[in-house]
Amino acid sequence: MNISLDPWIWISALLTVSIFSFLYRDNPFYRFAEHIFVGVANGWAVTFYWHNILVPSLFDPLFRRGQLLLIIPFIIGILYLTRFIPRVSWLVRIPIGITMGYYVGASIPADVQAYIIKQTQGTILTSQNFQAWNAGNMGVVWSIILFVGVICTLSYFYFSKEHKGVLGITSRIGIIFVMIGFGAAFGYTVMARISLLIGRLQFLLGDWLGVIH
Amino acid sequence: MAVILLIGLIGVAPPTHVRAYDTPDDGGGSIMVEWHLSQDDAILDGYEIYRSNDGDVYEKVGFIGRNRTRYEDSNTEDGENYFYKVVALKDTLKMYSQASQPVMSSPQWFDLPKLNILIACVIFGGLILYFVYHARKGKELYIRKIAGLQAIDDAVGRATEMGKPILYTTGTGLIGDIATIASLNILGEIAKKCARYDTQLINPHLDPIVYTVAREVVKESYTQVGRPDAFDPDSVYFITDLQFAYAAAVSGIMVREKPATNFLIGWFMAESLILAETGASTGAIQIAGTDRVPQLPFFITACDYTLIGEELYAASAYISKEPLLLGAIKGEDLGKLIIGAALIAGSIIGLLTKLPILNLFK
Amino acid sequence: MKKTFPLFLLFIFGILGIIPFIVPHPIVQDTNNFLLNVFLKILAAFALILGLGSLLRVHMDKIKRKRQNWQYSWVLIITFIITSIIGLFGGVTGEGILPTRIGSFSFDIWTLYFNIEVPLGATMFALLAFFMASAAYRAFRARSSEATLLLVSAFIIMIGVLPLGERISHHLPSFTQWIMDVPNVAAQRGILFGVALGMLATALKIILGIERSWLGGGGGE
Amino acid sequence: MKIIDILAKIDRRIIYLILLVVVILPLIFPSAQSVRVMPPVEKFFNAVDNIPEEKALIIDFDYTPQDMPELEPMAIALLRHAFKKRIKVLALSLYVQPLGLAQRALTQVTEEFNSTAETSADSIIYGRDYVFLGWQVGPILAMLSMGESITNFYNIDYYGNRTDTLLLMKHIKNYNNVGIVAALSPSDIPRYWVAYAQNRFGVAVGAGVTSVSASEFYPYLQTGQFSGLMIGMKGAAEYEEMVEKELSVAGRRKASESLPSITYAHLLIIAFIIIGNIGHFVKRRQK
């Protein structure tokens, strides 16, 4: 045993134990740690937004270097605060509309590229895709199974027709693929999460209590 | 003369066929240089790239390893002429190639390789919009049942009977995540039900902008059902923009306020299971929905109902029952048929011919 | 005006969001960089003020009315104020006007971050190990044929990724990888095709002002 | 019948407690489990082992406290391998945060070797056997600049020495003098090494990644862009196994010691699922 004498290790360790205590039930230690967590996170956000955004991107260039163009985002940003003034509170829609518009617009081509175009390319049956498996002749079989799985899963999401007849069969096969996939993804993640737990335990037992190492 | 003799002895040949051209489909300021390998490539240190404005004085602009035949000089002035030489480098020995033809870099207005994406956007977007406007004419549309949606009414009713609140989280997405917006639409409908039955709503947020929008949405819902007075401005609030601090706080709310129903609908990361399991331990009915595939297995295992992927989007249209919004679902379905057809047609072409079909989808 | 003008702005900025994807010209790209890295970030900073206002209001209210667990609201408010002061006046590099070190004990914003936020976050993350166990126990019941498939594939993967799996059968690790690469990827792609169409539809409805619940109430046209 | 009821409804806290015990005991009483080495790790080991005398091994330490349990054992095993075989090591981090952890791993392994060394030829000496280049701004810039000259980009090392004065750097100019880059990172960094260092300068790249990101990196191994791949705790344990068996380097094997925790946890979860199902089925039959 050689217990740590570093006050910060003690603070980290006590907070860690407090969070773990939530597994038993909600208790004052957890509540304490949770509220510290949120308080510090917001203090950190204030610091970050001030030092990394507002000062270097707005106040310095606007007031010290006279980049007057920055008055526009400054004023539009202030419009957020009109929410507290009932008569002009509709102005808050301006910064919201701008932000939403830009991000929503930007998502359109990005989504089509990532989810439709790229995925189509990977699913089509061609000799090039067969070879990508590096599995010899079995590559053909894997590609065909993948192809069938994709089409059947897609058919499960066909909403405007009852799932009967052919659509009933394909959507059912689709669900089989979905369930196998979900089970696999769940099982695959367990190892990573246990590793995280081991990391925390190594911190508590090693860095803090000095029982292991 | 002596130098030439020395090189002849050691035998380092320069690269040949140096060609320079404006980098296509870019914003300018860049020139591509290509060459044929030096015959002695195997023993080289690499290639140095030299550039000149006048074809007279050359300066070094870059270096690249051996067995490479291409270099992008991304530091050029648009509209100026440049000459390039490529140098085979071996220790301190340098063999210069012939100079390239003069070349100028320039910006382009259109990124041609992305044309296929633009076309796809137009096809699918056009289809959806066609059906949206078609739906205006009041044609009845059939939509299959979505399990999670049927449960919403019961879930709100249950909370009312028990006199307990409803918790609704839009997850850890920002306003730019479309799933968040779909979730806000569903929130609006659920807020209406809460207003009608006088059920308390708890709606904590991670993103300040999403919080601002959500507050407007909920307030509007209360107004629409004629209960603006019942809207509690503190029912919609911001917690923190840090993922796990948010998860810790929402878990705390779940065990302390003991909501009868938890809605976990929107964009989620690893906190999905933290929230879903904590919620399950309090005995709440849980309805989840996300388009984030990696998180779906956890919602499926820990929640009572889960809106899977596109069901989330369909739900946001379906729950409002507005024909305009429903029309989009029909358009999406047609989009699926097109994707299926493209996959099959692409495969047939790919299997029967030697056409480079995959290049269409780069 | 009250609704049309914001909708108009949303439409314009929607287009501004799409264009940089297909136009590489510097005029477009530079504008886009300004929008993304300066303009929108400044807006987000102001939104944070609203958010923090709401958080503080909720907790002040809790304290005022002495609602259950009101004492913890003090914890939140005090740690928030202390961290903000250290961060704002101590600076992110520890070179602010506020000293952030007494002897060998430093308490600058990074120290707070690495010794409070990081361990707390990592511990919340590590709770997942426990939650996965309880979720699996509760939900992995072979109620239906679908549920059985879920269970069986989770089983195979959980054993297959262990060194133990290799001992049971030489083929198990590669079979595990096969499940991840073939059926799992097929399901993901099928779902994502649908998601893409759903996203596209929602995005278009927002940009064209068909879906406008975000505007909230307050009247006006 | 009573037992069946209990089995079908075990309190979650009991599950948590048993899981905690099962994970914690192997950590307190460590015993390294021997593992069978799979081809991706074997390839990695051989690639490092075959680095010729005049070339160096670059180890990119890019893990943070969060991913340390999986990635630090890889770093330790690689260092033991290199030091034992007298392969020159260049250590670096592309981000600031991992610097402390890199320093920690280097100190640990150096001390392991030096505590038993008798002559200066036996010891591991800074500047002769390894160099810690530290961090310079810009991850991609670093990858590109090292293609031309390592000492020009990292003109001072982590400790403030001028790198061109260090003995080891006299013969290590750029990637041509590097056998392989071992990138240990939970993020996209190994991919960047391929895109910027390998595609442009032809240096070999091996990667150590976390188990969640494994499927993203598999294809790189198949195409030969990675000369080796270590995945998660298991991959690290396999490398530890090879270092111990092939080179007989003894030392703590943290990944191998963590494997029992993971194995027992998996088996426990599986056992709980089976128990729950037995309870479920018996009860359903009774109805």
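Each chain gets a letter, A, B, C and D, in the order it is written, and its residues are counted from 1.
As a convention for this text, a residue touches a chain if its C-beta (ideal position, glycine included) is under 8 Å from a C-beta of that chain, and two chains touch if they have at least 3 such contacts.
Because the structure is predicted, anything quoted here is derived from the model rather than measured.
**Student:** Could you tell me between which two chains the number of C-beta pairs in contact is largest?
**Tutor:** Top-ranked chain pair by contact count is A-C.
**Student:** Of all the chains, which has the CA centre nearest the overall CA centre?
**Tutor:** Chain nearest the centroid of all protein C-alpha atoms: A.
**Student:** Greatest Cα-centroid separation from subunit C: which chain?
**Tutor:** D
**Student:** What is the distance, in whole Å, between the centres of subunit A and subunit D, each centre taken as the mean of its C-alpha atoms?
**Tutor:** 25
**Student:** With chain centres taken as the means of their Cα atoms, state the distance from subunit C to subunit D in Å.
**Tutor:** Chain centroid spacing, subunit C to subunit D, equals 28 Å.
**Student:** CA centre of subunit A versus CA centre of subunit C: separation in Å?
**Tutor:** 5
**Student:** Find the geometric centre of each of subunit B and subunit D from their Cα atoms only, then give the gap between the two centres in Å, rounded to an integer.
**Tutor:** Roughly 30 Å, centre to centre.
**Student:** Among the residues of subunit B, which are close enough to touch at least two other chains?
**Tutor:** In subunit B, the residues touching two or more other chains are 114, 117-118, 121, 124-125, 178, 181, 209, 212-213, 216, 239-242, 244-245, 248, 256, 281, 296, 298, 300-301, 308-310, 314, 329, 332, 336, 339.
**Student:** Which parts of subunit D, given as residue numbers and ranges, touch two or more other chains?
**Tutor:** Each of 12, 16, 23, 65-66, 211, 234, 262, 265-266, 269 in subunit D touches at least two other chains.
**Student:** Specify, in ascending order, the residues of subunit C that touch 2 or more different other chains.
**Tutor:** 21-22, 43-44, 47-48, 50, 52, 55, 69, 117, 120, 122, 124-125, 127-130, 132, 134, 136, 138, 140, 150-151, 155, 158, 161, 180-181, 188, 191-195, 197, 199-200, 203-204, 206, 214-216, 218
**Student:** In the complex, go through subunit A and note every residue touching subunit B.
**Tutor:** Contacts found on subunit A: 19, 22, 25-26, 30-31, 33-34, 37-38, 41-42, 44-45, 80, 83, 92-93, 96, 99-100, 102-104, 106-109, 111-113, 116-118, 120-121, 123-129, 147, 150-151, 154-155, 157-163, 178, 182-183, 185-186, 189.
**Student:** In the complex formed with subunit A, which residues of subunit B make contact?
**Tutor:** 114, 116-118, 120-121, 124-125, 141-144, 146, 174-178, 181, 209, 212-213, 216, 239-242, 244-245, 248-249, 251-252, 255-256, 294, 296-298, 300-301, 308-311, 314, 329-330, 332-333, 336, 339-340, 342-344, 346-347, 350-351, 357-358, 361-362
**Student:** Taking the complex as given, what residues does subunit C use to touch subunit B?
**Tutor:** My answer: residues 21-26, 29, 43-44, 47-48, 50-52, 54-55, 57-58, 61, 68-69, 117, 120-121, 124-125, 127-128, 131-132, 134-136, 138-140, 150, 188, 191-195, 197-206, 208, 210-211, 213-218.
**Student:** Could you list, by residue number, the parts of subunit A that touch subunit D in their complex?
**Tutor:** Touching subunit D: residues 23-24, 132, 134, 188-192, 194-199, 201-203, 205, 211-212 of subunit A.
**Student:** If you look only at subunit A, which of its residues touch subunit C in the complex?
**Tutor:** 7-9, 11-13, 15-16, 19-20, 22-23, 31-54, 57-58, 70, 72-74, 76-78, 80-81, 83, 89-90, 93-112, 114-116, 119, 122-123, 133, 142, 145-154, 156-157, 174-191, 193-194, 196-197, 199-200, 203
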